[in-house]
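Lettered A, B, C and D in written order, each chain numbered from 1.
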Amino acid sequence: MSHIESSTLTWTADEMMTVAASNSLKDGNTCFVGIGIPSTAAILAKSTHAPGLILIYESGTFNTNPQNLPLSIGDGELATKALTVVSLPDVFNYWLQSGRIDIGFLGAAQIDKFGNINTTFIGNTYKSPTVRLPGAGGAPEIAGSCKETTIIVRQSKRTFLDKIDFITSVGFGTGPGYRERNDLRGKGPMRVITDLGILEPDPVTCELVLTHLHPGVTVEQAIENTGWKLKIASPIKVTAEPTSEDLIKVRKLVASSANS
Amino acid sequence: MSHIESSTLTWTADEMMTVAASNSLKDGNTCFVGIGIPSTAAILAKSTHAPGLILIYESGTFNTNPQNLPLSIGDGELATKALTVVSLPDVFNYWLQSGRIDIGFLGAAQIDKFGNINTTFIGNTYKSPTVRLPGAGGAPEIAGSCKETTIIVRQSKRTFLDKIDFITSVGFGTGPGYRERNDLRGKGPMRVITDLGILEPDPVTCELVLTHLHPGVTVEQAIENTGWKLKIASPIKVTAEPTSEDLIKVRKLVASSANS
Amino acid sequence: MNKFMALAGAIHSYVCDGDTIAMEGFTHLIPFAAAHEIIRQKKRNLTAVRLTPDLIYDQMIGAGCIKKLVFSWGGNPGVGSLHRFRDATQNSWPVALEIEEHTHAGLTNRYIAGASGLPFVVMRGYRGTDLMNQTENVALIQSPFADEALTAVAALNPDVTIIHAQQADRLGNVMLWGITGIQKEAVFAASKVIVTVEEIVESFEPKFNSVVLPSVLINAICVAPGGASPSYAMDYYERDNSQYVAWQEVGKNREDFEKWLQREVFAGGSPS
Amino acid sequence: MNKFMALAGAIHSYVCDGDTIAMEGFTHLIPFAAAHEIIRQKKRNLTAVRLTPDLIYDQMIGAGCIKKLVFSWGGNPGVGSLHRFRDATQNSWPVALEIEEHTHAGLTNRYIAGASGLPFVVMRGYRGTDLMNQTENVALIQSPFADEALTAVAALNPDVTIIHAQQADRLGNVMLWGITGIQKEAVFAASKVIVTVEEIVESFEPKFNSVVLPSVLINAICVAPGGASPSYAMDYYERDNSQYVAWQEVGKNREDFEKWLQREVFAGGSPS
């Protein structure tokens, strides 16, 4: 992963996002983990405040406990360190669809103010995209069936859009009632963790509101990097600084990744 | 099993039915086996003319090769002697429903001229039966999805009825077209093996016709023991006599059963 | 929270009168010890689900625990009839028994629907039989893709599922192997899960046809050696076929059954 | 009939131009050796199904074997993009690539339907997304039991499914273990099945998370040691993450890819 250094921070944006994501995980949670920051955050949480966190990857590795950061969801260590490995039908039907996963992580190429996500294409038409993206993967059902989701994405006008090109995974759709009408049984995105702060949905309107700024970040920076008229919570909170223990562990993990 | 001795036979009716059932099995067939005569017949066939016969029991024991006659479909030996043991979802959805089983065996408390079977109750009403029978088990889907089925049942006016009290498993329903209309994809009962002979469906009318008499049995005996106007094939064939090898093996197997 | 507890405590805590319970184990690993504890605690008005009622539900029916039976094959495997089941359906003794009858494939798919968090799944089956008219939980459904119909079966979601397994580890994970039938789906479909086990081990060894059930699925684990007898636990003990044969006589008349119940269950005898 | 044959013969006998093929293996046991043989034999107009196209289909797309891709996630896992896939979708190079996009859960259930001999199964998913409008194989379906709707997904039944497994026995049964993904369903759903294996063994040993595929399901077994590299075969060799990282550069432009294709595939090199 590329590291954006910030003169005002003694940690990188990735590290801040990782620690914030880790702090959102509760001990005993069952957590549907993806690759990258979600893995780092989940492994960090398990090694600090949430030793009983249960990690499950799309590959079927259940309650796994990797010591190194996996490059792919199928890295051998995820299987050898797992309590059990289950088939994809078990992962998606018996674990995810049944509502047994407490929290899932999602990324985004584009996101709108209702937390809807595009990971399919950039451009005007599906058939002839400007940029073809990887696509849906497990995200749409994670977004639908996990009891709640956390979205991790860098904030910029290219990514935070008033209208996204394609809805791959649903946040709150067009607002209140959309999830219920579409049989999406989880609560949806309860937080969006960016390199600037944290956004949370307004309980009434479902619109994402900036509730936290990371240390050293200004409201203006957040507004400048958002493609819609960003609502700001008042008072706005400041995210807790990463502890040195957190940073040491995160750096060790990232260094352990074949992709670092 | 009770043995009906017949002065004209040097073997019992059960033995005759067992050998006739065994002779209907082809090498390499995948065979859905039940307890009793079907097990004896399948094990006999595997040890004689059909060494490549694949036995699968409802319990999920796949390609098993028991040396003793099992009392139940879950006897330990069926699992220890199996290539693999699969779950019930795999048995019923991936193996049976998908049409991968060549032949299945069925029994009956009542049967009609279209090979429809009652194993649910005897009496006037479902809610207050005169005799409550065990019920459906795997029979309805075996009757529907196996490429063909063989019914093994002793022939009598109490069992071979013009109208049965309840249709638990479908043979040919009310005649031609019934199986297709009800999404029953197998060919249905291709033979009914009784203690007196063998009945086979007329290719046009689907009605069961007596095509074989066991050695020493007369057409009159068959007619007397049938509750509908029994059609007789002409010329009617005589079932091959059991070989002494067959009889020795059958008696050894039956002696090996905890239920003998 | 500690999930390891005595069987009596687990049944007391998690099985309530009127519950829908599933006690699965297809000819193998049938949870007899748990059934006898349910009888001893005089649980009543249970809706009891099981593909094969077998001796385990025949005993609970005779003891008056079961109000409604959801099943697919009610015989004594390889032996004959379940007389307590017949006495209850034919003569309402000791209490009237309501029945809902399915096929093995049908109940299997109803558990799959329950495990999958779906209100129903689709299958091929029931059509053309008289079974279809005897239950509200089976219906035709049209394909949205072509002019054809399938059979929809409604989900089964027991209040409590009880199974017997060979082993648990100290973290409360469970492993069973051999014939595992429909246990995994029955566990995923349930609100609460009780597992009796032959023993607790430090770690699991690889076995053919094994299923590992993570502790997060399980509410109570009770050590009950021999808890599946007279059915069997692969690699621990064999099926006691003689008891299945003997049950024909024991279950045949009410007096002999009552004597058996007092002697083998209420006197706290080992599962018979 | 002898199912053991050379990989070249198996691909020649069982894979035809225009077929729908599924080459599954979810990050583990990806059948690269078979894919390279398909490229060498210049199979064309294939409809290729796979949850994660991964490097294996990126290579086949770049080589011009694939007319239509049915998939659910088309990235280089943990690394970035599949440039041959992007070049084909964005610029129709080397040929136009038709795509049908699903979710992992959706394709998983489409395989389950195919394996079960059903035209479709039901699930929760797709609703509220734009994905639903991009395929004919997903539709709403009303419950016959209550006023609610589910999502129906149409069955996938490949002409040929190709997987890689650790072991086959001499009777032609196959065993794989570790992450087994959707292979079992992909095999049951197919008309023809080719399995490449690391080795042939006298008998199977128990393993955790193992799947045994009876020989009756399989048409051809080909010994191909290292046949899953650069993905991995648990207990045989590890995933070569460096090759996944390197693929970013190899696949980025057409010339480098063509060079790689000549060197590593047509020159008969080992799977790269």
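A few remarks follow.
The rule we apply is simple: a residue touches a chain if its C-beta (ideal position, glycine included) is under 8 Å from a C-beta of that chain, and two chains touch if they have at least 3 such contacts.
Not measured: the values here are computed from a predicted model.
The chains that touch subunit A as well as subunit B are C, D.
The interface with the greater number of C-beta contacts, when B-D is set against A-D, is A-D.
Taking each chain's centre as the mean of its C-alpha atoms, the one that lies farthest from the centre of subunit B is A. Subunit A and subunit C have Cα centroids separated by 41 Å. We define each chain's centre as the mean of its Cα atoms; on that basis subunit A and subunit D are separated by 28 Å. For subunit B, residues touching at least two other chains, in rising order: 84, 93, 97, 145, 185.
For subunit D, residues touching at least two other chains, in rising order: 116-118, 123-124, 148, 150, 184-185, 208, 212. Inter-chain contacts, as defined above, occur between A-C, A-D, B-C, B-D, C-D.
Taken in their complex, subunit A has these residues touching subunit D: 35-36, 58-61, 70-76, 79-80, 84-89, 91-93, 96-97, 120, 126, 128-141, 144-145, 166-170, 173, 178-179, 181-185, 258-259. Considering their complex, residues 26-28, 51-52, 71-75, 77-79, 81-82, 85-86, 89-90, 101-105, 108-109, 112, 123-131, 134, 148-151, 178-182, 184-185, 208-209, 231-232, 234, 238-239, 241-242, 244-245 of subunit C touch subunit B.
Touching subunit B in their complex are the following residues of subunit D: 115-118, 173, 184-185, 188, 212, 214, 216.
Subunit D meets subunit C in the complex at residues 116-124, 136-137, 139-141, 143-146, 148, 150, 152, 154, 204-208, 210, 212. Listed in rising order, the residues of subunit A touching subunit C in the complex are 30, 54, 62-63, 83-84, 93-94, 97-100, 145, 185.
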